[in-house]
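Dropping a structure here in structure tokens format, bear with me for questions.
Letters A, B, C and D name the chains as they come in the text, with residue numbers starting at 1 for each one.
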Amino acid sequence: MNFSLQLLSGLAVGCIYSLVAVGFSMVYRAMGLVNFAQGDLMMIGAFIGYSIIVNLPGLPFWLVVPLAAAITACLGYAVAQSALWPAMQRGASQTYLVLLTLGIGIILSNGARLVWGANPLVYPIPLTHETLRIWDYPVPAVYPFIALTMVALIAGLNVLFTRTWIGLSLRAAADDAQTASVMGVNHRLASAISFALAAGIGAAAGVLYAPITFVSADMGMIGIKAFAAAVLGSLGSIPGSVIGGFVIGIGETLGGQLVSSEYQDSLAFLLMIGILLIKPTGLMGRKG
Amino acid sequence: MSTIAKEAHTASHQSTSGVSRHRRDWAAFAVIVGILWCLPLSLGGFYLYLGLAVAIYAISALGLQIMVGLAGQLSLGHAAFMGIGAYTSVLLQKNAGVPFPAALAAAALAAAAAGLLMAQLIRLSGVYFKIATFGFGVVVHQILSNWTALTGGSAGVRAIPAIGVLGFQIETRTGLFVCEALTLTLLYALLIRLSHGKIGRAFRALGQNEAAARSVGIAVARYRMMVITLGCAIAGIAGAYLPHLMRFLSPESFTWYESLTCLIMITLGGLGSLPGAIIGAAILIVAPEYLRDFAQYKMFAFGILLVASMILLPRGIAGAGMSLSRGKRMHAQ
Amino acid sequence: MILTRASLAATVLLSFASSAMAKDFPVGFFGPLSGPAAAYGSESLSGAQFALEEINAGYLGADKIKLIPADDTASPGVAAQAVQRMIDVDDVVAVVGGSTSAGTAAAIEVTKEAKVPQLSPLAVDSALTQARNPWFARIAQSSTAWAERTAEWLKNNKGARSAYLLARNDNFGVPLAEAFERKAKEIGLELKGRIAYEPSSREFKPTLASVASANPDYLVLWGYYTEAGLMAKQMAEMQIKLPFYVGSAIGIDQFRDIAGPAAEGTYGLLYYLAGSIETDAGKHFVQKWNERYHRAPTQYEGMGYDAMYVLAGAMKRAAASGGVTKQKIRDEIFSTREFQGATGPITILPNGDAERPLPMAELVGGKVKLDTLLH
Amino acid sequence: MKSSQTILTLRGVTRRFGGLVAVNKLSIEVKEASIHGLIGPNGAGKSTAFDLISGLTSADAGEIIFRGEIVTHRAPESRVAAGICRTFQTPKLFDEMSVLDVVATGRHLHNALGLWGSMFSIARKRAEEARTISAAREFLTTVGLGAKADAPVADLSYGERRLVEIARALATEPKLLLLDEVTSGLNPVETASVGELLRELVRLGLTIMLVEHDMKFVMGLCDDITVMNYGSVIAQGSPGEIVQNPDVVAAYLGSPRDGQRSRRSLRADAPACP
């Protein structure tokens, strides 16, 4: 009983890590960029979700998620167009780009603290504290939302990447920017759209995570663990990111009990370093 | 008219490289070291305290600068190595009665060894290295907090002994400052010398294009190890001074935020510039003291400062200063 | 011309003379005003400022206190630097602070060196008063006292036979857990287990599962309100029903928000609970605060208020017995006996710790209800 | 040419990427002080061959012998020390250095001072640095860019970047110079002067290997040519023999029917479309 409950919450947290990790991977593929602001975009999404709930009481939760995601995606689009693209066009080094995204992350998290305050916020909706009973198991009411969103987003991304012209050009741009530009794809637009999509997915993860815990400006630190998830599942691989998220989510939940809760924070990174030592390109890496 | 323009042209070119670049670096050295020695000592009091803090973070930033700015090895766990240096030095002085100079050397060695371990253990390149350095920082912080028997755990270490050099006990702030400023001056000079020769060029080549560096015979893996070890050793030296300033040592001084602050210092000052690292450290330590009323905006302002300086001054304050002085010289001609 | 110069000189002299009669004493305040721990610093600061308005309206005669606040972001390095600056630049006669144990631990080394009296409203780590700094005192209960009262109350008032201990792994949680464990052994309260968790943890289900399988009478937590809230919530999700002691978290709104209905029935020993102090000073404070803010003061606001008053009281006595010097202020702080504060009568012990009544409370119907006032 | 001693031998060198065989049993002999061209359509494995010779990738099978020594699995830096140096398809310089500094990096292996030496031995360091700088200036002058020594790399034109890259490679004092598409992006005048330069270098005893798409340039310059297609050698010989080789005409220049298309790809190096 307890074991399956823990497994379930490991899966739920794993879903959150997965979604943020997918965002990391998308941006990495489309722009060759390690986006350290991804976790902070998730945090902003969660805060925007809070403002939506407070200002539009009665709006069903399944509408709050896409709405917050859309608003955050717009923010992501603006960030990509105004700050990241000029630097990339100048051919700035990886170091420079990583520092730039770190800076954007600092602005987002401390800006959020100024806008929404330093105290943690809790979504004032019943969902936050409700528990469902599924086959006699108590399940927090938000878990079905997480599972549904996860499935919908992964399916949606799959359709987007394989069936639509946007996805095809994004993939082309991601695989070979030069070829893509010959083929007439606007790399700048493709990059910005990828970044915006990643921000939106991150925001969805933030809104879904909020009812499990609370929203606070330092929530972006979850993003760093999600980054470990993306890396251990092979950065740039969408299925790899999903698997990586589950590995870290479940690993933390079960590992925290097996090892020692004092070192729970290190666990994600030790898992990552361990897996990379065995398989240097991650679980789903193509080259061995 | 045309000859003047031509002269101006060659002058501007000469200032960008070769012997005159060396001269320029030493001129910057003279100015910065001059300010370092004169300002805090003559103003005294709290300015001396600020000078102590600036000197420590300037040393640490220099170490990070050669790693990140020069050789392109982005480390997100720099504070961890300061922590290793701080604990090594304090525990040796306190528990084994080791004199400060030896403890300082041990701090540098311990941090260098940890850096080497990180670089060896995580023999990863690019993206993987970056996230691994972050993870390393987290792990070190957790060890410092949890290995209570050795480090005193999260309660920290107090009653830090005074620095003893050759039998003298340095108990005044001035004395401590002289030690720190000497260390900083010496390290800065050595790093300038290093940056001018073969090794410095190899570091820069490694940071700017790894494949090209390899193509001219630079043993990339070896130089990467070298620069990481060196950068971490310098962080260890900075760390060894920190508890003597604060008279207290706690793992909370070596968190991710401290690592981030060091990164902001070198970026704001100018990636790849040694004087930039020192200027950046001075700004990030001193500025908040004069903006105390806006304390809650501090990190927000740092973020804005970081992004704005990267977009507007890609070469940082040091780079902007250099091109400004070059422009002036052209006008003067 | 000469005349005007002379009159100018006279004015200057006069202003000097008047300032010699009525002095502005600079007093420093530090605590986290930004960052995740901001609530502790900013609430105790607003309590201190509230007290200051009353004090500057004649409590010290013509003298006034000028409060110089600084943000330490709960970081030891920043705290040390901020306090150093107050002493060096602002020449403060005393320092009120800090609000977290880590920041305070760094600051006491500075005040010790500079020989400036320091009075902390909130820091509880018992190591602070064992650091042999004769200049440091606090009105907050030491972690030892806090944990011991709790253990005794569990055993004697609640008839508990066993407890399980969870502690935030930092110098707030660990000393409390250690003191609790010692006392529990002494009075024969069985400890079924003790787990320290990382301050950034948000997933406690594995830990709570271990707790549940040990089946203690009480679960005792020494941690921050965010963790307390999440634990209560996750226990409810896992359908673990255990009496839960959460320390001072019970008095914090965000704890109740995060835990939701699961907060009901939790216990906590607070720094201070508005309405629990029946003295004149206690009633006066709550009434005045209500008039101004239309709500009851929080525990940290109460502590900030009293810290300011204990210091002002010491300064008043110092002024009466010769002069307000740092040494004198220090001596008078340490001779504080039964000072009638808003949070109860306060006595400062020779080692700098305080004796003060502590309210044990229970959350009933969403309201914090006094269970017992522990003396 | 007067010397016909072999300086580089490739024997059955193979390199696979996953299922793809990028280079298949490649065997080449390069004569000392000659210019050897390596040509073939896109994806023929020419650049991989250069990577194998310079050590940027390692061979799965076969042997690479340079001046009598087996270097198949040596690290790139040790091959530079042995005398192999290369340039890249798109010039890879150090974008934040001055031109002179870029060329000075080529002197890396000719300098002896290590970490401690660079910091502590003042006189030796000064002498070494002076030698390095004057040597770098000399090599810059060789490629005709002496006047640009102090310019930042960022200010250079594309053609100048190529020349700086060559100067940097020359500064390592190689015995064998590998030039990857040295004329692409150059105008006819620049191409001609590069041709002149290469001839002069060979006259001084250097051996050069070229990967090239400009057929006129290759045919006019090379002593020997190896033609690759799909990772394998399809022809080897003098320019005269290559032009008349029917396999080359069929595979590389394309059959007369679709000659138009292939000829274009041969010159302009259009991107490989899937």
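As a convention for this text, a residue touches a chain if its C-beta (ideal position, glycine included) is under 8 Å from a C-beta of that chain, and two chains touch if they have at least 3 such contacts.
Being a predicted model, the structure only gives us computed values, none of them experimental.
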Legend entry - Chain separated most widely from subunit A, comparing mean CA positions: D
Inset, instruction - Give the identifier of the chain nearest to the protein's overall CA centre, each chain being represented by its own CA mean. - result: B
Legend entry - Cα-centroid distance, subunit A relative to subunit D, in whole angstrom: 44
Legend entry - subunit B and subunit C, separation of their C-alpha mean positions in angstrom: 37
Inset, instruction - Starting from the mean Cα coordinates of subunit C and subunit D, work out the distance between those two points in Å. - result: 72
Legend entry - Approximate Å spacing (C-alpha centroids) for the pair subunit A, subunit C: 39
Inset, instruction - Identify all positions of subunit B at which a residue touches two or more other chains, and write them in rising order. - result: 142, 145-146, 208, 296, 299
Inset, instruction - At least two other chains touched by the same residue of subunit D: list those residues. - result: 95
Legend entry - Junction residues of subunit C, two or more chains touched: 34, 38, 169, 198
Legend entry - Footprint of subunit C on subunit A - complex, ascending: 2, 5-6, 9, 13, 113, 118-122, 128-129, 131, 138, 140, 213-214, 216-218, 221, 252-254, 256-257, 261-265
Inset, instruction - Would you tell me which residues of subunit C are touching subunit A in their complex? - result: 34-36, 38-39, 42, 169, 195-198, 200-203, 205-207, 209-210, 212-213, 226, 229-230, 233-234, 236-239, 254, 257-258, 260-262
Inset, instruction - Would you tell me which residues of subunit C are touching subunit B in their complex? - result: 33-34, 38, 70-71, 73-77, 80-81, 84-85, 88-89, 102, 105-106, 109-110, 113, 125, 127, 131, 169-171, 174-175, 198
Inset, instruction - Spell out the part of subunit B that touches subunit C in their complex, as residue ranges. - result: 45-46, 49-50, 53, 142, 145-146, 153-156, 158-160, 242, 245-248, 250, 252-253, 255, 257-258, 289, 292, 295-296, 298-299
Inset, instruction - Could you pull out which subunit D residues touch subunit B in their complex? - result: 54, 56, 75-77, 80-81, 85-88, 92-101, 104-109, 111, 113-115, 118-120, 125, 128-129, 132-133, 149-152, 168-169, 171-172
